[in-house]
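Next come the structures, one after another.
In what follows, chain A forms one complex with chain B and a second complex with chain C.
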Partner chain A sequence: MSVRFEFQDARDWRYLMESLNAIVDEASFIMDREALKLRALDPSRIAMVDLHVPREAFNTYEIEESQVKIGVNFDDLIKVLRRAKAEDKIIFEIEGRRFRIILAGKAERVFSLPLIDIVGEELPTPKVSFDVIAKMLSDTLRDSLKDAEMISDTVRFVGEENVLRIIAKSDKGELEAKFSPEGGSLIEYDVRHPSAASYSLSYLDDIVSRAYRVSEIVTVEFSTNKPLSLSFEIAGGGTLRYYLAPRLEA
Partner chain B sequence: MGVNLRELVAPVKLELELEQLAGKVIVLDAYNALYQFLATIRQPDGTPLIDALGRVTSHLNGLFYRTVNLLEKGLKVAYVFDGKPPELKAAELERRAKWREEAERKYVEALERGDLEEARLYAQQASRLSSSMVEDAKRLLSLMGVPWVQAPADGEAQAAFMTVRNDAWATASQDYDSLLYGSTRLVRNLTITGRRKLPRKDEYIEVKPELIELDKLLKGYGLSREQLVYVAILIGTDFNPGGVKGIGPKKALKMVKELSTLADIEKIVEWSFPVKPHEIAKVFLEPEVTEDYQLEWRAPDKDGIIEFLCDEHQFSRERVGNALERIEKASKALTKQSTLESWF
Partner chain C sequence: MCEVRKAILERIAEEVRRCTRCPLQAYRTRAVPGEGNPCTNVVLVGEAPGFNEDLQGKPFVGAAGNLLNELLKVAGLSRQEVFITNVVKCRPPGNRDPEDSEIAACEPYLIAQLKAIEPKIIVSLGRHSTRLFFRLAGLDFSSIMQVRGEVRRVAFNGSEYLLLPTLHPAAALYNPRLRGLVEEDFRLLGELSGKGRGLERWLYG
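So, the complex of A and B:
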């Protein structure tokens, strides 16, 4: 196979890869003529990541075949990306089994990594309709998750008509963070039905503490006792989206 | 003991947090866990915990508090007990008995020298699990409302069978044998998760559960389960301890991939064990298991537990009481982690 694509900012790419790494250690990108995609489930099948970057988001985007699979180990890939300097561009090249990553700044540095074969299953999109949709600063969400983590390992999202609450409770105490469009903490807010659901904080924190660097804005979507969706718009185009299964009353 | 697949599983193993296992049925190898408790729950000079009558209680202490811990995190744990050991294992069992005798002798010597660190180490190696300890353990689990299963033969084989039937999500043991028996997932370190002291050193490490998925392991190396068993036979199992001389994991893997049948392998290696390779393969590939088991979790019998642990074996009432409260709270307040598959 022969593939080449260039992305303007190597650091952005690193943040994106670190965000995928929150869910999986290795996975396959699927590249076709339209977009670069990756969809993967964490080993416990609790969280899923769904990445879609259209060809327009790249400086150049060349692919000979109609579709190729690019299996990578994120640890190895991220190690290389951490070597990127500000203003480096990043170029990925694959020829046959050779996978090259070029960090192009003042100098051009070429790294070669092995491509790995990953037996992946075809994953469907979770079938959920969301009753609460909130758009907020990803940093704000990250902060309140950090607050909640001091209290509990589970956090409850409660969507009421004009207020979104994030609640954590345990023997150690209680936290309630309130967000509203009026107060300015929600950029957009739409509630079809008031809803509430609980989610694992360790997953949420893993995801948000990495993905907040991909985008300043996050869209949070959920329904009562259904999965949570977190979407981050990628600079230059594309979406990084996560699904997280709820914790249910036993 | 068991086969040492450490090197082979290294690339596919995943570190987990205990809470990621919440809501999942995990079948623990009871003997493996009890030996762990007997070896590690000891005073600094290596003396195990004992009750007023001098009976060892380290195994009960470990089983009770560790199981409470796992239940509290939301895991649905069950235990499988070994049945009769296969006759083919006789040589290994004899070797272990000798090893324990030797360790016991060294333990006494170390104590006489006043070397507590050494004494503790040998005391651990000399751990013996008696049939009355096993009975104690079963009684305690029943009182706790935790299901246990009596395996007809090897407990790990039975546990693996339960994952294959989808009654359990994973097996849990420090040994890798359950993978050879076909366990779809193996969780290691479940009974030792937390802060652990390194032997002979004044250092501690943080141990986390490790997940090994059989499918990933096999696909990663392009092996069938049969071939994995052949690799294990070359490296050494309980039936041929030490394995074939000069053959380590890498070489074994290469040989099995090139030769692919056991007969071919037998032709070229120097086999010095009384048990033949195909007999060993049969143990792992066609183990004796039973479908006669039930996995039901009940509320703990609090009075029964206090009577057994505190009255009979002088456990601290306060500590046991607190632990019982933790189980109760966990079972009430527990939110069960769902998986995304429910929405696919």
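So, the complex of A and C:
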């Protein structure tokens, strides 16, 4: 197998890989003629990550076969990516069973890692629709989740006609964060049906505290007692999307 | 691998049977170290042996044990597929709650059992068991009703687990509402253990 792709900003790529690592320790990328993709469930099957980066997002994108599986251990990969400097480009090459990472800046540094075989199911495209869709700054969402974490380990998203509320309650106290298009905290907001659902903060914080560096804007989607979707648009093209199962109230 | 784990668990069980670390040893007929599959992904941890358990030296054998067997079925599991033990391995007299000093004395046995089995999932049955795991993981414990039914990723003693707190089956024996809750939690266990479908049930219908 012979593959080569180059991405303009090595640090952006590092943030992307760290964001995938919020869900999985190791996984297989699928590379075909159109895009680089990864879809995986976390070991508890409560969260899913779905990455799609089209070939246009890369400086160069070369693949001989129609499809190639690239199995990686994220701990090892991220250790290498943390060596990237501000203006480094990153080039990935696969020759046989080795995976070469080239950090190209003032100097060119070449790391080589083994490809790993990952046995796992290929997950089909999720089929789910949402009643509340809110676009906001990812930093704003991150701050609210940090606030909620001081109170509880569960957070409730409530989508009303003109307001999105993020609520945390426990014996320690209560937090309510309000967002609205009028107040300027929501860039876009669409409510088909008023909805509310609760989610685990440990997963959410892990996801958002990493993925907010991938994109300044996040699209939050949910419905009553259904999964939450968080989508981050990747600079240059592509989407990093998460799904998180709801915590059903007793 | 399973044979090695089995041997380690048997060695721990022998230590438990000879244990004199706390006053409960004076009251026991038989110690109840725990039993089950040494290569399981699921360990269920109750509070302490009761009357029947004390007589037989086995965990969850009375009415609460029968309910636990039913609940395991809800999760798509059987007793043979899991490991069952208690926080305290000897029966407190009169089935009183175990004291903190008794829980602390027994803790090393539980930690050693978890180290030997390396499960993916710990199900804490009831208040005492859940409170112990919350303490080990550095989490604040409020009440079992507040924390039950939500899976937490926890780490202690160098290992990571998914902790699923639920009610003690004995609490659900004669209360249909509580039984509904504990069944809901065991359905979640089924999903976690791969016997159910987790997030996929929403994403793929």
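Simple rule for what comes next: the second predicted complex is superposed on the first by the 248 of 250 C-alpha atoms of A that agree within 3 Å, B and C clash if a C-alpha of one lies under 4 Å from a C-alpha of the other, contacts with A are read in each partner's own complex, and residues count from 1 in each chain.
As a convention for this text, a residue touches a chain if its C-beta (ideal position, glycine included) is under 8 Å from a C-beta of that chain, and two chains touch if they have at least 3 such contacts.
All figures in this text were calculated on a predicted structure; none of them were measured in a lab.
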When chain B and chain C are modelled together on chain A, clash or fit: clash
Chain B versus chain C as contact partner of A:V128, first or second or both or neither: both
Which of chain B and chain C A:A47 touches, first, second, both or neither: both
Partner chain in contact with A:D25 - chain B first, chain C second, else both or neither: first
Which superposed partner A:V119 touches (first chain B, second chain C, both, neither): first
Clashing chain B stretch [against chain C; choices 26-34, 98-106, 242-250 or 278-286]: 26-34
Chain B and chain C contact sites that coincide on chain A, given as residue numbers: 41, 43-48, 123-124, 126-128, 153-154, 200, 202, 226-227, 243-245, 247-248, 250
In the complex, chain A residues that touch chain B: 25, 41, 43-48, 119, 123-124, 126-128, 153-154, 198, 200, 202, 226-227, 243-250
In the complex with chain A, residue positions of chain C that touch it: 120, 139-140, 142, 146, 148-153, 162, 181, 184, 191-192, 194, 197-200, 202-205
Touching residues on chain A, where the partner in the complex is chain C: 41, 43-48, 123-124, 126-128, 153-154, 170-172, 200, 202, 226-227, 243-245, 247-248, 250
Chain B - residues contacting chain A, complex: 14, 16-17, 19-24, 74, 211, 213, 215, 219, 331, 334-344
